[in-house]
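One structure coming up, written as structure tokens, with questions to follow.
Labels run A, B, C and D following the written order; every chain starts at residue 1.
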Amino acid sequence: MDYSQFFAMKQEIGLLVVFLLVFLYDTFMPKRALGATGWVAVGLMAIQTLFGFCPSVSQSADAFAGMYETNAITACIKNILNIGTVIVMIQAIRWSKQDMVVIRRGEFYELILLTLFGMYLMISARHFLLFIIGLETASLPVAAMVAFDKHRYESHEAAVKYILTAVFSSVILMMGLSFVYGLTGSLYFSKIAGAIFAEGTISLMLIVAVAFVIGGVGFKLSLVPFHLWTADVYQGAPTPVTSYLSVISKGAGAFAFLVILWQVFGAVYSDAWEWMLYALIILTITIGNLFAMRQKNMKRFLAFSSISQAGYIMLGIIAFRGMGVAALMYYVLVYIFSNLAAFGVIGAIENATGRVSMDDYQGLRKTNPKLAFTMMLAMFSLAGIPPFAGFFSKFFIFTSAISQGSVAIYVLVLIALINTIISLYYYLLVVKAMFISEETPVIPEFKSACSERFAMWICVAGIIGLGIVSCVYNGLLDMVSTAC
Amino acid sequence: MFSNILIYFVVIPLLMLGLLAVSQNMKQIRAVAVTGSLALLGLSVYLLTDYLSLRAAGADAPMLYTDSWSWFAPLNINMAVGVDGISIAMLILSSVILLTGSFASWKINPHPKEFFLWLVLLSTGVFGFFISIDLFTMFMFYEVALIPMYLLIGVWGSGKKNYSAMKLTLMLMGGSAFLMLGLIGIYYNGGHTWNIVEIAQGNLIDPSWQNFLFPMTFVGFGVLGAMFPFHTWSPDGHASAPTAVSMLHAGVLMKLGGYGCFRVAIYLMPQAAEELAWIFLILTGISVVYGAFSACVQTDLKYINAYSSVSHCGLVLFAILMLNTTAMTGAIMQMLSHGLMTALFFALIGMIYGRTHTRDIREMGGLMKIMPCLAVCYVIAGMASLGLPGLSGFVAEMTIFIGSFEHTDTFHRVFTILACCSIVITAVYILRVVGKLLFGPVYDEHHLSLTDATWWERTSTFALIVCVAAIGCFPNFFEELIKFTFSPQIFAVIGMN
Amino acid sequence: MDFTIPLLILAIPLGMFLLLGLAGMKMSHKTAGVLGTLGMGTVLVLSYFTAFQYYFSGNPEFISEAGQRLQSIIFNVDWLAFTPNLVIRLGFLLDPISAMMLIVIPTISFMVHLYSLGYMKGEKGFQRYYAFLSLFSFSMLGLVVATNIFQMYIFWELVGASSYLLIGFFYTLPSAVSASKKAFIVTRFADLGFLVGILILSFYTQTFDFITLTSDPGSVLASTAGATFMGCSVLTLAMVLIFMGGMGKSAMMPLHIWLPDAMEGPTPVSALIHAATMVVAGVYLVARMFPVYLQVPSSLEFVLVIGAITALYAAVVACCQIDIKRVLAFSTISQIAFMMVSLGVARPEIHECLGYMASMFHLFTHAMFKALLFLGAGALIHAVHSNNYTAMGGLRKYMPITHITFLIGCLAIAGIPPFAGFFSKDEILVAVYGYSTFWGIWMSCVAGLTAFYMFRIYYLIFWWNEPDYHHRPHDGEMVMSLPLIILAAVSTVAGFIHFGEFVTWQGHEYQIHMDYVVAGISVAIALVGIFFARFLYLKENDRPRRMADSCRWLWTAANRRFYWDEIYMFITHKIIFNGICRPIAWFDRAVIDGSMNGLAIVTNKASVAIKNLQSGRVQQYVLLYLIGALLLAVITAWCVL
Amino acid sequence: MDITLIYYLVPSLIMFCCGIYGFLTRKNMIAMLISLELMLNAIDINFVVFNRFLYPGSMEGMFFTLFAIAIAAAETAIAIAIIINIFRADKNINVEDASQMKN
């Protein structure tokens, strides 16, 4: 075996190094130095992020007889996830200093890095075995992370719900894969695609397989009706975990979904899964919105909001081709910043006062104007209001979807657009509570931790800058179109 | 980039935003607001004179001062600017109303700083919209202008402001949902460009697609233009909004609707406009009469004015749909005229409300005796609204009627006559208000101690009155301004007569 | 002719309006009044000069070598161009009728300015009053010198607005406010017709210009031949609609209801606007467009019928009013109807359009004596502080000047020679008899009624029985009496003007011939009316009451103006307000807005309805997951396979 | 009698359905885990059988099965840990009771 092919996996190796360093630091450093674990992890991860931007990283390469593939696109999506992870880790620093958490602080960072590693594999896998390994690596540690707040019952309940549904969904996914294997005799994406293409006709078994695979991966993306775990888990999990789940694992899932659907089942797009996806998108956006309308718990609220956002991300999958991929990546990037800004505020308030209900946010402007402002920017960005980045990402994802040109896609986009009205409604509810409500503020004035503010500044900069500074999207689109 | 004069229409508001953000007290805030809006007004007036001299010197491009800076190059999105006479008229309107609005909110309370921040953000959107000739930036600025509305009404409004603010925002966003689809459709079916001039000159959109995209964009902008049956945000929204916001919203923002309908829906898709105009003619014709009738029985001053706006803005869209030069010229005039006089109305209503703390005409009376200056201004505004010659409403309405009647189709003519009826109904509700509110005996003894207008209020109202009268007395000036937009060459290019 | 003086004629009142309107508050009453009056005096001189130039200078601009008076445009500037052809121009047209109006309007206006110095002394808003008077004078002058129909429409609206402002001058009185509102809205409604008429006419003729329209109507109107709009011939439709505008301004039935109420304004205003000048704008309009009307005889028939009915109706109502200003108002309506009838019967083949000349003649004389009567009534009201004749009686002893001048006015309107009204009315009757005997007799009866109701109030005011006066009534001060005397003098001699020399259709000189039969009949009828009035009202007695009792229903109906106001109330309040506006407002809130709110409610309901999907039980989650995946597969399979 | 593909697939399918049934109906979380194992094993059988009968040339299915077994073990380990956690907190591992967060 040629071990040099490991060098194709530059980012994975980098991440493993980071993981090992954090692990060693956590294990062997004296106790007084452990206070800096979080910052060490953040620093190392930041280096890893920067490393991802080295030109050599984005060179195309494959390894293990094509089971693993890296190219500019995968490198880029991994970079996007890195950025998000850094922000999540910064946000987690304050939380990880809590008494109940502090003894297991190191583990948290290690688990995050591990799941990220799994996501790397999901993204780069071109063989279902590697994909499953990546998927499980990405989702099993999350269960432990969800259960991290041992002192809160919700955390346990969320973990149970998560692990049971996660395992069930991977069972469904693997069942689907076994059908695929039975039909095509291979687990390589390219070979499966070739076999399906060669087959020409479509069989019931293939349809079931496709549905199961969509279900299995859709679980990660929390597409309706595979989304039901989302709200409970988001609510129960510690806030940094929730934010991690809502952006990073969703982003990775979305990209993996795109790769699988197009590279494996591309041949049966219009036969098998185009309409499935249409139905899922409509359901996801609508049901996510309808549930989000009523939520009072901010984390649960953002859970449903993230469900409907996943629906918009899916529009990028339908578009596929250069524009769709770029729009999807851009959407994920913007979504990371917007959602993390929101979670940053939620986390800051939760850490300071323990309150997560929207009713408690009444009059936040009076006591904590900066937090309220950040939250408002996040909400506007999520709702797609210019000049914030969310507007651009929504616009581009719709534009890329419509590039397909069929009447059905116009209808689909129209439904999605009408749903933005509902989503605007509930995002504005938050703004209303913070800015307009005249009740006495519940949350007293407090100073958020330096780490929290730092993370929020990054997010605000992203929200404002990512859209107006066009080079981000232009660069993505250029990169995608040269890579494709 | 900064060598183009137009970009300053966005730069100045942005500067104002920055300065407002660092200003410490009311004095500085006012100074920034007034200086900034004066600068904008000066800029737009300069632009006007310069534009006219350029035209006189023989510049014959449809848009002048055009410039384009690449933004999202792969999607062919540019920050493209350019103006013709209509845009300039709208720019002047916006800056006048921003200025007078600043004066009208001289004593805004609470949070003056934030109020002006949002107000200026809103006007950034407005100015940006009017200078853009790129559909994407146009749409972006359009939405920038919409959202501050929510907070402005929600925080500084009155009455059932939560409900109104939410309704207004959601309905307008609903409109922009259709609009966004329409614009993206135009991009794909109009030669993969967002540039209005290019699309219009090439008439690039396939007719069968036009039939689909025209209603999308027209309805999208029509919601903001208060087209029946999508007008219901207007009464509630205006009733709840603070003075300056009502002024800007009715005076300028609703014009975005009319302007957009013209600039996007009709300019780019003339064939569909010809084919489908009748549907929207019915709707806007209904708007005109229906709004006027509704206004007759309202008791809240702002509701009366909001319904009157429905009627007047309906006339704008109505005229645009007639697809001929005269009617469209009238539509532009009506936009200006309505913008100014409705801003005047809302300013006065705000001032009266600030004193009497009621807007119910049944609870007021004889204000002419108490606050003669405001009352006289109100009468003038009313006269402008009901189309008294010498004030702006008359020239606009007459141009519209004459232009609409040029259409030889009986259907169009019957609707024109129907629209003409609005002048009578307008007279009814205006005189009803004037009679109840200003004339007659003083209704409430407590009102006797109220004071007349202060200097900033006078500045605000007089400036608007001067503009209203100027348009009303010297309408020919418009012909010069608008001539080129509707010149035969352009109409030939976009397929209109 | 140089344009300076005509321009000044328009500019001075406008400038005065702006001056008094903006700076009036800073002036004393006296300054404002004197300024206004002086301004009007200047206008008076200038317009007399202009009219003199027009009629007597022999300038080829104004009169052809054949002696035909020409239409001459002094200046004409583009104001608003709709299309290359349809341009609103603001200009100054001199022709026989506008020159005549240039005499009438400044004369009356100046008299009223002068008179008001005394009448309005000490009123709050004195400066405003003079500002409005100036505005009105400006608008009215602009109307009569209009070179095109749209200029006329512009000033038409402006006189409406100034009339609104002046009627509502006492704005604290609810009756004045509602009267002004009514006046504006009713005339506005009529103007709608005018406007639509203009739209139709201008579309087919592609011009607004009076000269183009009237100099050769046959060819200009050729394009309308056979054209129909919604089933009517467009030309008839247009002319009737334009006449509708005139009906509104000139208070023809059924749009007359605003004029009696307009008497709520200050009396000098009634004299100026609602007797002498503005209300004849309708007549003036028809006269202006007369050549076009001639192309559509049916529309002239319409004018005739409306005029005749109005004349009789107003005369009957005038007999039963208590308020002397109302009597005068109905008398005005009736007299204007005379002018309309006269225009309606004017045909080239009947005495070379005698009706046209007669109508203008009557307009002229009527302006003088009706202004006189109103100003006289003003003096009376000023003296006894009441509008009702019941508060008057025997005033001849206290107010000799008023008495004499009022009597002259009454004789003039009754058509007794040698007073002005006799001549003009006689011409009208000649014209009407020339057209149709039926309408001739009809109008003669109306003339008799005129004499009766005028002398009815004359006797009731100056004779009858003397009530208890709190203060001894007396004549007004000099500024009030002077206009009365001047106008009385004019009313006495104006009939002897050879009107046919100056104002005729097409400007050819026309020699007035007295038709002694007609004159005799009308004088006789008038005398009968006068003596009947004398018989009833000279001294206090119960004959009037008994007469009224004998046909009570008629008397009540006439007193209530044949219930026109009630009918209008019913239409506007019950039908339009409650039947249209309220339902629409309700519909808007309940249905349109309701459906928007409904969308929100439905969304909310849906949100609540599906909340149990998220039951919190993990096994249900998984079940739904499974069902979802299987459904996807099954539905796709069913569709694809 | 030949033992063909179907003789393996049917039991595997039955196992899978039993697993689903058990997962959906058992209230004890441990029992649910066992059901999950059943399903996983059914998948393993599928892979092995497909490899053995249809594509004997390569060993992809076999490898996948090996990995799947390992993954199943990891899953079970984590799940058990969490269940122990919840037992500590609540003294109860009835899945019906873990439904406080809803709607």
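One rule holds for everything that comes next: a contact is a pair of C-beta atoms (placed from the backbone, for glycine too) under 8 Å apart; a residue touches a chain by one contact, two chains touch by 3 or more.
On a predicted model such as this, the values are computed, not experimentally measured, just so you know.
Novice: Please identify each chain that touches chain A as well as chain B.
Specialist: Common contact partners of chain A and chain B, which must touch each of the two, are C.
Novice: Mind having a look at which chain is the central one, using mean CA positions?
Specialist: Chain nearest the centroid of all protein C-alpha atoms: B.
Novice: Could you put a whole-Å number on the gap between the CA centroids of chain B and chain C?
Specialist: 37
Novice: For chain A versus chain D, what separation do you get between their C-alpha means, in angstrom?
Specialist: Those two chain centres are 27 Å apart.
Novice: Averaging only over C-alpha atoms, locate the centres of chain C and chain D and give their separation in whole Å.
Specialist: 97
Novice: If you average the Cα atoms of chain B and of chain D to get two centres, how far apart are those centres in Å?
Specialist: It comes to 65 Å between the two C-alpha centres.
Novice: Any chance you could list the residues of chain C touching two or more other chains?
Specialist: Chain C, residues with two or more chain partners: 611, 614, 616, 618, 622, 626.
Novice: When you check chain B against every other chain, which residues touch at least two of them?
Specialist: 170
Novice: Can you list the residues of chain D that touch 2 or more other chains?
Specialist: As it turns out, chain D has residues touching two or more other chains at 23, 32, 95, 98-103.
Novice: What chain pairs are in touch here?
Specialist: A-B, A-C, A-D, B-C, C-D
Novice: Under the definition above, what is the set of chain A residues touching chain B in their complex?
Specialist: Touch list, chain A to chain B: 380, 385-387, 391, 395-396, 398-399, 402-403, 405, 410, 413-414, 417-418, 420-421, 424-425, 428, 431-432, 435-436, 470, 473-474, 477-478, 481.
Novice: Under the definition above, what is the set of chain C residues touching chain A in their complex?
Specialist: 603-604, 606-608, 610-611, 613-614, 616, 618, 620-622, 624-630, 632-633, 635-637, 639-641
Novice: Okay, in this complex, where on chain B does chain A touch?
Specialist: Residues of chain B touching chain A: 71-75, 77, 136, 140-141, 143-144, 147, 150-151, 154-155, 161-162, 165-166, 169-170, 173-174, 177-178, 180-181, 184-185, 187-188, 212.
Novice: How about chain D: which of its residues touch chain A in the complex?
Specialist: Counting only chain D, the residues touching chain A are 16, 19, 23, 29, 32, 36, 39-40, 42-43, 46-47, 50-51, 54-55, 58, 60-61, 63-64, 67-68, 71, 74-75, 78-79, 81-83, 85-86, 89-90, 95, 98-103.
Novice: Of all residues in chain C, which touch chain B in the complex?
Specialist: 78-83, 86, 88, 150, 154-155, 157-158, 161, 164, 168, 171-174, 177-178, 180-181, 184-185, 188-189, 191-192, 195-196, 199-200, 202-203, 229-230, 577, 580-582, 584-585, 588, 592-593, 595-597, 600
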